[in-house]
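The following pair of complexes shares a single chain, subunit A, combined with subunit B in the former and subunit C in the latter.
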Partner chain A sequence: MICVPGDDVAPLQDGLMRGHGTYAHSNQLVSCGAGRIERVNKLASVRPVRGRYTGSVGDLVVGEIVEVAHRSWKVDVGSTRKATLAITSVTLPDDAQRVRTHEDTLAMRELFKEGDVVVCEVQAVNADGQLHLHMKSNRYGLLENGCVVRVNQHLVRRLKHHFVELPDINVELCVGHNGRVWVQRAIPSQWIEAEAQDGGGGAGEADALLSAEAWRRVRKRHSALPLEDNEREACCRARNAVAVLGSGGCVVDGDSILKIYRASLGDAPSKMLTRAVAQKLVADFLGERAPEPMDEGEDAMQL
Partner chain B sequence: MRSDGRQPLEAREFDIETNILVQCWGSARCVVGGGLGGGTECLAAVTAQIGEGTACGVEVECSPSLWAAGDDRAKLALQERLAREADAWLTPWRAAIPKIGEKLGWHLVIDCIILSDDGGLREALSCAIRAALASTKLPAAEEALEASDETTEALPFSLLPAETPPTTLSVDECPVVVTLAVVGGTLLADTTADEPADAMVAVAVAAGGAVVGVDVLCGAVPPALLREAVAAAPALAAPLLGASSLAPAPR
Partner chain C sequence: MAQDGAFDEDWFELFGARGDGRGLDEPRRLAVQLGTARSRHVDGSCDVAQGLTRVSAHAQGPREHERRSDEKHDRCVLEVAATYAPFASVGARTGARRQDGRDLENAVRNALAPALMAERYPRALIKIHVLVTCDDGGATSAAINAAGLALVDAGIFLRGVVAAARVGAPVAATTLVDPNRAEARHGVALDLACLPCFGEVLWTDLTGERPLQPDAYDSLIARALDAAAKVGEQLATAARDHVARLDAVREASLEAAVAR
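Our next item is the complex of A and B:
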């Protein structure tokens, strides 16, 4: 349920707790912001539609390293504060499982340096809103040879798989909860299979077919190989499709990106950046059509 | 092909609106790359008064909504830098400020505010300034006879009757600025935040495609690329010049 400031959220009953974005007035709980009403048992609150990424535990986020600090990296995920990625929360090269030594601390820039784009998961949220990130899944890590698109974080719902592959198009996306979407050429399955045969799989998660070190090797191979022209065009088109969805306030997931992608195939990708084309794509996607112009003369006669 | 599918010297769509502020003599709003929301937005407003000689000052302000500029100190530095640059852009145009008689003339102040920045900042700013000047309508005035009472300090001018057509400004000498960035050895026009530039050069182009100024904004630009940038600038500036010279829409 969407509400605007002044809308009634719920009647004030015994035991009803007032959450963020509401205030009591007469016998009603009234919203003081524009957003979604959320009811969790006895707690009623209003979650705003705009605002920085707040984060919750388990969210997959795409961020940019902005600082290499002592035993941790500071990552820009679009939150009010920079998120922290501790050195103990990343997998070391060669899948080493050991206590992080002083040498590891000095060699942090070899893992991630300023300007690198990384995908990780939110491990914990501080009381003041600062996020702590981790890369414990084998698929998390450094992202290269692709680009980031920013959309409103509210357009990203919790999906089953945040690593989305667009079939037949050879493009892979990583949809972050913080509204940052990473677009790259799809990693060929032959490379993954080759690594799986060589090194064997990783322990644990179902979608981590390879160990962290094997994923690193596959990614390095991907980033070392320049894109072909058709691959580049496909990535550009997918990137623009995400941007168009973001501009139209549409939910960003694999299906919607695919629809916009297919609808845009008539023009060059850069045409999707213009307002006219973007609005048409969004309108068609949402199923809205402009009313047909009425032939006024004849209809009036028949009345 | 760049990450959003544009060619290296392809600029994004832009939009200019004039006469948006009723309390100023002329105003304009320019949005670069606003097709998908966001983009770079600048507002420029012209206020005027009559004084001795002619003058034109530019003030630039960074709005609090300008995330891209960084913290307050960075914003202040950006404001001052852009004000100085805009001042330099207007140097060839200052001769065109209307005079009133021999001693008096119009003193213009152009106030600009940058609301958002997503690349193409100087394009948006220079277009907004040029369009604001093009849409400025100053009341027609003439120099009055010397007042017989010498104790008054009022300037000797009088406004002509309201039916007289207003004084408009010619913006032919006023340039628009296009920025080209050097990214990995190639020249790119209208770069956005996800195309980090090694060096940037700004080229000012006046009406008719005449290049009136070149400024290296940051980094070191190899001479061959600098020549290429100057050669490519008129074509990039042509649509901006055309749009900012259009007759203003009626209020």
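Our next item is the complex of A and C:
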């Protein structure tokens, strides 16, 4: 059931919990947002389809450093306020485990400076919506030699792996919950294996085969290597595929990007960005599942 | 009909319709479109056309204030910037006053602020930009309608969809719903914004040449509430359709992604 602000969600009975996007008004639970009404047992809430990223703990986000503050960086992730990345939440070079010194505070720009794109995880959410980020997993860190595409954050749902590799295409993506998708050429697996053999193995997680320092070395090597023409075209095409999905309102994940990518192989990547081609790609992707076009009727705006 | 298109009682008695063929209670045709902005800096947008009057509204936010001193610790601040396009009307606005939208800004802000759930966005800023591209009367109510739906499109929490309507009394005995520019030139006109789902009046504005008796005022308010309720239904339907379509496409793409 779709609702808009002011629509009744449910009568307020015993035990009914007010979920996100609702408020109580004289015995009724009323929606204050536009979206789909979701009812799970006693919890009634409204799931929006539009709106800025609000953030929840554990989300993987791609953001841009906008400010280097005293002991933290301010990151633009597209939420209400700039997110904070504290110096204590970042792994130091050489995987040093120690208290951050005054020298570390002065050397922050050597780690990340304004304009850098980073991938991190949400550690905490303030009452006023400010996010605190961390990079404690070894796979998080600086992203270079690629580009960011912005889509509506509701088109990204919780995936098993947010680092997506498109098979046979040599393109790697990092799909952030905040609707920012990082596209780059895939890091050759030989480099990763070489680092792992050299003893750069990390502790624990499945996603982090290497230590943070080893990942840094691999990424630096990757960012220093210029792109070949075919690699550049593949990255452009993948980036445009994400943009096409975003403008068409479709979910962005490895499967959908791959389908749009393959469907667009007939044309140059730049052609995908024209309205006609983008709409056709989305229509073909949805196939019969596409909803009926809205009946314009007499009230259509003569634009 | 009077030369300038104003309401003429004799004409109405003769033909049973106003200058443009409408009945006394008939509003102009309303067309609404949400999500029209293409800029990535705009979070929500809406275009409203009421007859020939056309208004475009863009909403940005919630976002950080530019100056920390402007922040309110427990609620958000609503800022409205309104402009009339230079070609919006002929002759009425000239020279320095031409693009001055200050009255419109105040109207939109005062109408939407009570409906906005400001406590859910502490220390935030919500900005609305309103552009009137064609003003044939009723630009204020069209602007309030457009701005309200722009907020809905931006996913910002409101107590309800805000609907605004205008009624005019060009001569003492007659009340017109949704007068156009020519009809509103004489007599009094009442703009009203309300939450139709609760019948709650949010803002009113009375303009005119002559004073109004209390019971005449009451009847104007009643007519305006009625008109706004009807507008509110159309706005809510347009918003619901827009949201339903976005949701349907998203659901369809979820299936399409995993299909073979």
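Heads up, the rule we're going with is that the second predicted complex is superposed on the first by the 259 of 303 C-alpha atoms of A that agree within 3 Å, B and C clash if a C-alpha of one lies under 4 Å from a C-alpha of the other, contacts with A are read in each partner's own complex, and residues count from 1 in each chain.
Here is the rule we go by: contacts are C-beta pairs under 8 Å (C-beta built on N, C-alpha and C of every residue); 3 or more make two chains touch, one makes a residue touch a chain.
Remember, it's a predicted structure, so these values are computed and weren't measured experimentally.
Asks: Mind working out whether A:Arg239 is in touch with subunit B, subunit C, both or neither, as first, second, both or neither?
Replies: first
Asks: Contact-wise, after the overlay, does A:Gly141 reach subunit B, subunit C, both or neither (first, second, both, neither)?
Replies: A:Gly141 sits against neither subunit B nor subunit C.
Asks: Going by the contact rule set out at the top, does A:Met272 touch subunit B (first), subunit C (second), both, or neither?
Replies: First partner only.
Asks: Identify the partner contact of A:Gly176: answer first if only subunit B is touched, second if only subunit C is, both if each is, neither if none is.
Replies: Once the two structures are laid over each other on A, A:Gly176 reaches no partner at all.
Asks: Can you tell me whether subunit B or subunit C touches more residues on subunit A?
Replies: Residues of subunit A touched, subunit B against subunit C: more for C.
Asks: Could you tell me if A:Gly129 is touching subunit B, subunit C, both of them or neither one (first, second, both, neither)?
Replies: Only subunit C is touched by A:Gly129; subunit B is not.
Asks: According to the stated criteria, A:Arg52 is in contact with first (subunit B), second (subunit C), both, or neither; which is it?
Replies: A:Arg52: touches subunit C, not subunit B.
Asks: Which parts of subunit A are touched by subunit B and by subunit C alike?
Replies: Touching subunit B in the first complex and subunit C in the second, no residue of subunit A appears in both lists.
Asks: Which residues, counting only subunit A, touch subunit B once they are in their complex?
Replies: 115, 147-148, 229, 232-233, 235-237, 239-240, 243-244, 246-247, 268-270, 272-278
Asks: So in the complex, the part of subunit B that touches subunit A is made up of which residues?
Replies: These residues of subunit B touch subunit A: 1-7, 10, 12-13, 15, 33-38, 194, 196.
Asks: What residues on subunit A touch subunit C, complex-wise?
Replies: Against subunit C, subunit A makes touches at 2-7, 21, 23, 25, 30, 32-36, 48-52, 80-82, 127-129, 150, 154-155, 157, 245, 248-251, 253, 255-256, 259, 285-287, 289-291, 294, 298-301, 303.
Asks: Where on subunit C does subunit A make contact in their complex?
Replies: Going by the criterion above, the answer is residues 29-33, 35, 40, 43-44, 47, 49, 61-64, 117, 120-124, 152-161, 195-198, 236, 239-241, 243-250, 252-258.
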